[in-house]
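The following blocks contain the structures, represented as structure tokens.
Each of the next two complexes has subunit A plus one more chain, namely subunit B in the first and subunit C in the second.
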Partner chain A sequence: MTESFQRVGLRRAMRSQEIIIALVIVVLSAVITAINPAFLSLSNVFDIVRLATVSGILALGVLLVLISGGVDVSFPAIADTAVFIGATILVAAHFNGSGIVLYLVALPFGIFMGLINGFFISRFRVPTLIVTLGTSSLYYGAELYFFGGVSIFKLPSGTVDLSNASLLTVRTASGVGTASLNPSVLILLALAVVISLVLNKTTLGRSIYALGDNRAVAERSGVRVARVQYFVYGLVGALAAVAGVTNASLYRNANPISLQGTELAVIAAVVLGGTLITGGKGTVTGTLLGVLLICIVENSLVLVGVPTTWQNVAVGVVLLIGTTVPAIRALRRRRLVGGV
Partner chain B sequence: MKILTFVRNVAWPRDVHLRVLIVVFAVVLVVLSAWEGQTFLRADNFSSMALQISDLGVLSLAMTLAMILAGIDLSVVAVANLSSIIAAMVMRSCSSAGLADGLTTVVGILVALVVGTVAGTINGFLIGTLRVPPILATLATMTLWGGVATVLTNGVSISGGTNALQAIGTQAIAGIPITVLILIGCIVGVWIFLNHTPLGVKTYLLGANSRAALFSGVNNGRVTLAVYGTSGMLASIAGIINLARTSSANPSYGASYILLTILIAVLGGVSVSGGAGRVAGVILALASLQMLSTGFNMILVNNGDSNFFKNFAWGLLLLLVVSTSRLSFRRFARSRRGRIRPTDSGAPEPEARS
Partner chain C sequence: MKRSRLITVVAAAALSVSLAACSSAVGTTPTAGASSSSKWNGTGKSASQLKFGTVVKSMGFNWFVRMETGVKQFGKDTGINAFEQGPSQPDPAQENQVAQDMLSQNLDALIIDPIEVSTAESVMKQATSQGVVVVALESPGVKNALYDVEPFDNAAYGRHMMDQLAKKMGDQGQYTIFVGALNSQSQIAWTNAAVAYQKQKYPKMSKVGDTNVTDSVQSKSYAEMKQMMQKYPNLKGMLGADSYDVVGAGQAVQDAGLSGKIAVIGTSIVSYAGDLLKSGAITQISTWDPAAHGMAGNKVAQFVLEGKKIATGTNLGVPGYNKVTVTGKTVQGTGWVDITKANMSKYNF
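Moving on, here comes the complex of A and B:
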């Protein structure tokens, strides 16, 4: 009895996208390490973590939107615009203190831009992809035309300090330099915990799943759709602003189009992590694993001796496999139950 | 009388969305003529505007087809670049092998068309047969073809092209640039495909309701293959136009065109949830956007970077058009209490998602 239960549980676990993607990461890491042991060196691991931090924060926002049954492509615009306006204000005020202030200044702008998305989506019921395409163009256009398109390098000293800060410094194996882990990864982890709690432990979080799974049913079971949508898109705006400021802090400048063009890659990472693009399904763990996989693939080609020009081919193949395999499995399941 | 009705239908069609578009088009035309009449209303200005939109127009048609099928094709630009790059390479080796200029051009164009059609058919296979969601399938192929293009060219622009191809890019017949004639040919072709072939009818049906289409005997997989194949072929035509105009091809050309083509299709009234959309609307949207863009360039010439203002204005325009057509559709639906004639449902249905 118990044995068969265990077997069913194991089989179910094997079917979950998170387990599969974790296995893929382990196997891939093993292969890369076999070819070049430098992959597992702390400095390389810290690099990957650093690379994954900003994408990870953005991916948490994308996760929320996808679960709610929408698609958002405006988050890079929100991230860049919020941090750029924030930095412009701080420069104008000759502020030169703590790095947290930039977060606090940028956050309201991010939330505001997210709420504009929410307004068009809930008030006019325009498809989310279309609204966010429009607002993406709108935010970038407004930012570049009204605030100028030149990177701001004179960031407050506290912000610059964040890029040099270290959570953990170790001497590299060769003994030449040191590798350090940037504390910004803590922001990602904290946000991941918070989002996970919101999604799983609150009525609001369950409403997001309900809305994405079946809007009509959610409405009839008392989910206030407009309120949930304002919450989701406002929160995405906030997360985008945090990602934007973290990005600017890590690179020590506020580039007005730093994250432009990353939207599809982030969405792809979230989908790789098992989130349904049609809504109603997705987890924080899966999302973080998806981001990690993409970052490893992007980072490790050079280590295994493949020229960097092959980077997009590799990512494309990963995406193709990552999206086709679940689709084929769903197709088989449908055939088994005899549906169409 | 018949002619009068025809003129009335063209100038003030029953489709609410087309009406909004015609008003936008007319307002833009009048404002620009009043503001900058001397430069704006010249024949060479119109011909240069037409030249600028020829490849973007063909790409928008490719996107339109995918969207009517309730899908999306993010890979159009990547396919256009890949086919123009491969065509340029093939033409280069053909001419170094001593092949005649004309024959080399024909071979190059055929190769591009085949590459585009094959790439499109792969999308169709992923979407129609394996049931991968269109946005994901084309996202993956977009990345893959972009990557292959980068590997082929090492990421830099490659030159290529023949005298005959250059002539296509620069010459005009009866005052109309040849690339514009190609665009017009594609418009007519897509219009005939959608309105006058059984496949076109099936495309609308499948886009509106795939289950209903299946139960009425439509081979959904085959229609999807055909539509995405056509979309890929159109993308490669855009690639050829670009190659003809610039005599060069590069993997990063037109990255911003992906979002622009979606914007044009949606402005033109193509429903994201599928099943609705007209070629006329897409063309009107394309023309309005190009006029606006040229107008901004003229007005803002001494006033900061007009490209940035263009993005701002395009975003605003998209949001305005989509929300006003929603509003008028809702009022319309309320006033008739559900007696909506199918001919009037050009505006997307209110329950549309994502």
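Moving on, here comes the complex of A and C:
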């Protein structure tokens, strides 16, 4: 009885965090639009969506890890390394066809690197942050040592075509030039649906929540922890590879360190979306809202007229507000419960 | 145990002595380009008897593979046995090792492009003491080389870039500046010089917005250029300092269907910017040719051995180094090259 009671409360709390972030997005958008109406133009929305696509795919992986009670900082290394190895292979093979092939070639490398994380985490029970700090350095180091550090701009023509593809092309607000909606956003949306289904509709998904909530209880109730961890980290590797290939396709460049340093912003976006850093709680919707909020902040400074040097400060402020508000509410709730 | 400690003590003592010797030597060394050419191994030798070695940061970069073509060309032109070597990975200790190996092969001149000047000083000092002429590249403030050869002066480069941008913009309209990082001294030096020069020479042009900082990340350059175009619909030009800046901005201009309508100009290389240059999204890039840089370094060494004077106005006989500026040990060329769709095949690096 109490358990279902708690779960209802938890779900309500998650929902309310999503509503808060959505409200913040609405208010922020209104303020930016008041300063520069170009913000709400379709062309600018397309630019923000493009920016959010790669972070969004990475964030889905981070969501899985955080729910399971871990922290992964190696996903940028996996993303960059998987696509760089994939591109190196395709260039060596003089492949010049479909853009999907780079995804197919990079994917196994991403999964493999994710499984290496899973191995150390489940086998030796080393803290996830420590393992992934180590493997992050290992993956980047091995990539630069064995494959060199020179960006690959000569990508297959199909990959280059992906960056030019458009679902919808519109004129910009000012009437000068056009803007197009890149189809890569469909990859993000499809993956979001799949991850959401896995988390909510499968036993495996519920096991991930259970593991993050309380490992001992999960073990006692029959969750095979090692198997769940292999699944989570392997899937994170796969998502990272997809994000890496999408990133390379969008900018027509397999840069060996393109995403280096993005891990904290992505983790922050996921936490902003209401995911508990200690595990057991988080939603796909909240995660996507968190990513959207960060991308709006990052992509609007020039429009508003704030120097781009302030980007980190602006993102930091949003994060502090976005994460302290729920914490304060949680404290107040606890005090209320204590009073009763 | 005891023995190893003894060795450490001896080594430390030796090090402190050599350091003292080093600092006193620096204090008493006359100005650069010592005129007494008799102390060099190569003095009086004919060209075919001479051996010049060039050491670079790493042979793993296209940049230094390109430099090697210049070094080989120098050898072909002069008859001097000139060659280039470098570690496979850019590691300062390995680079010193490569230089040391070269010194054991009766070298007459060592041309070195150090990863870390402070690490390379020791091997340069050793070379000088063996009678080898040492010329450094990209090392302003170097102590143990006779000369340091630089492709150009940053301020002059900035003025040149502004001239190019003005030409493409018809001397008027709004432009924006991109840099990789605010603490990159060379990028800031030349963009500041470019803006100051514009105010003075091209009053009808105006810089809009703040300097965009891209952290050398292509996707940031792309997003910032997109926003600049939204905010300033009349934007007519973009000047990029980092080699990724024009790549991101050029793609943004192309995606907006404005190729050729906004001038995109900046520092980059063909292997980064080639496709966009070809399509017309990037108007023009500038860089310095490592082949000419390597050739100029070798040429300076040859001048020293032939007892020729190197002063402001000297012609080294290398494109971009026809009228050098000499300040202390620094020999500066005007060694930038402008690359457009038309001549990009010539600069394949």
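Please note the rule applied: the second predicted complex is superposed on the first by the 321 of 340 C-alpha atoms of A that agree within 3 Å, B and C clash if a C-alpha of one lies under 4 Å from a C-alpha of the other, contacts with A are read in each partner's own complex, and residues count from 1 in each chain.
The rule is simple: contacts are C-beta pairs under 8 Å (C-beta built on N, C-alpha and C of every residue); 3 or more make two chains touch, one makes a residue touch a chain.
No experiment lies behind these values; they were computed from the predicted model shown.
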item: Subunit B versus subunit C as contact partner of A:140, first or second or both or neither; value: first
item: Contacts of A:253 with subunit B and subunit C, given as first, second, both or neither; value: second
item: Touched partner set for A:41, first subunit B, second subunit C, both or neither; value: second
item: Subunit B versus subunit C as contact partner of A:271, first or second or both or neither; value: first
item: Contacts of A:309 with subunit B and subunit C, given as first, second, both or neither; value: both
item: Subunit A: partner with more touched residues, subunit B or subunit C; value: B
item: First, second, both or neither for A:293, with subunit B first and subunit C second; value: neither
item: Which of subunit B and subunit C A:150 touches, first, second, both or neither; value: second
item: Partner chain(s) touched by A:51 [first = subunit B, second = subunit C, both, neither]; value: second
item: Shared subunit A surface residues [contacts with subunit B and with subunit C]; value: 145, 149, 309
item: Sites on subunit C touched by subunit A in the complex; value: 60-62, 89, 182, 209-214, 217-220, 222-224, 226-231, 233-234, 247-248, 251, 255-258, 261, 271-272, 274-275
item: Subunit C partner contacts - residues on subunit A that touch it in the complex; value: 36, 38, 41, 43-44, 47, 51, 54, 145, 148-151, 153, 160, 163-164, 172-180, 247, 250-253, 255, 258, 298-303, 305, 307-309
item: Of all residues in subunit A, those that touch subunit B in their complex; value: 69-71, 73, 120, 123-131, 133-142, 144-145, 149, 215, 261, 264-265, 267-268, 271, 277-279, 309-317, 319-320, 322-324, 327-328, 330-331, 340
item: Footprint of subunit A on subunit B - complex, ascending; value: 72, 74, 126, 130-133, 135-137, 139-148, 150-151, 154-155, 211, 214, 255, 259, 262-263, 266, 272-273, 304-305, 308-316, 318-319, 322-323, 326-327, 348, 350-354
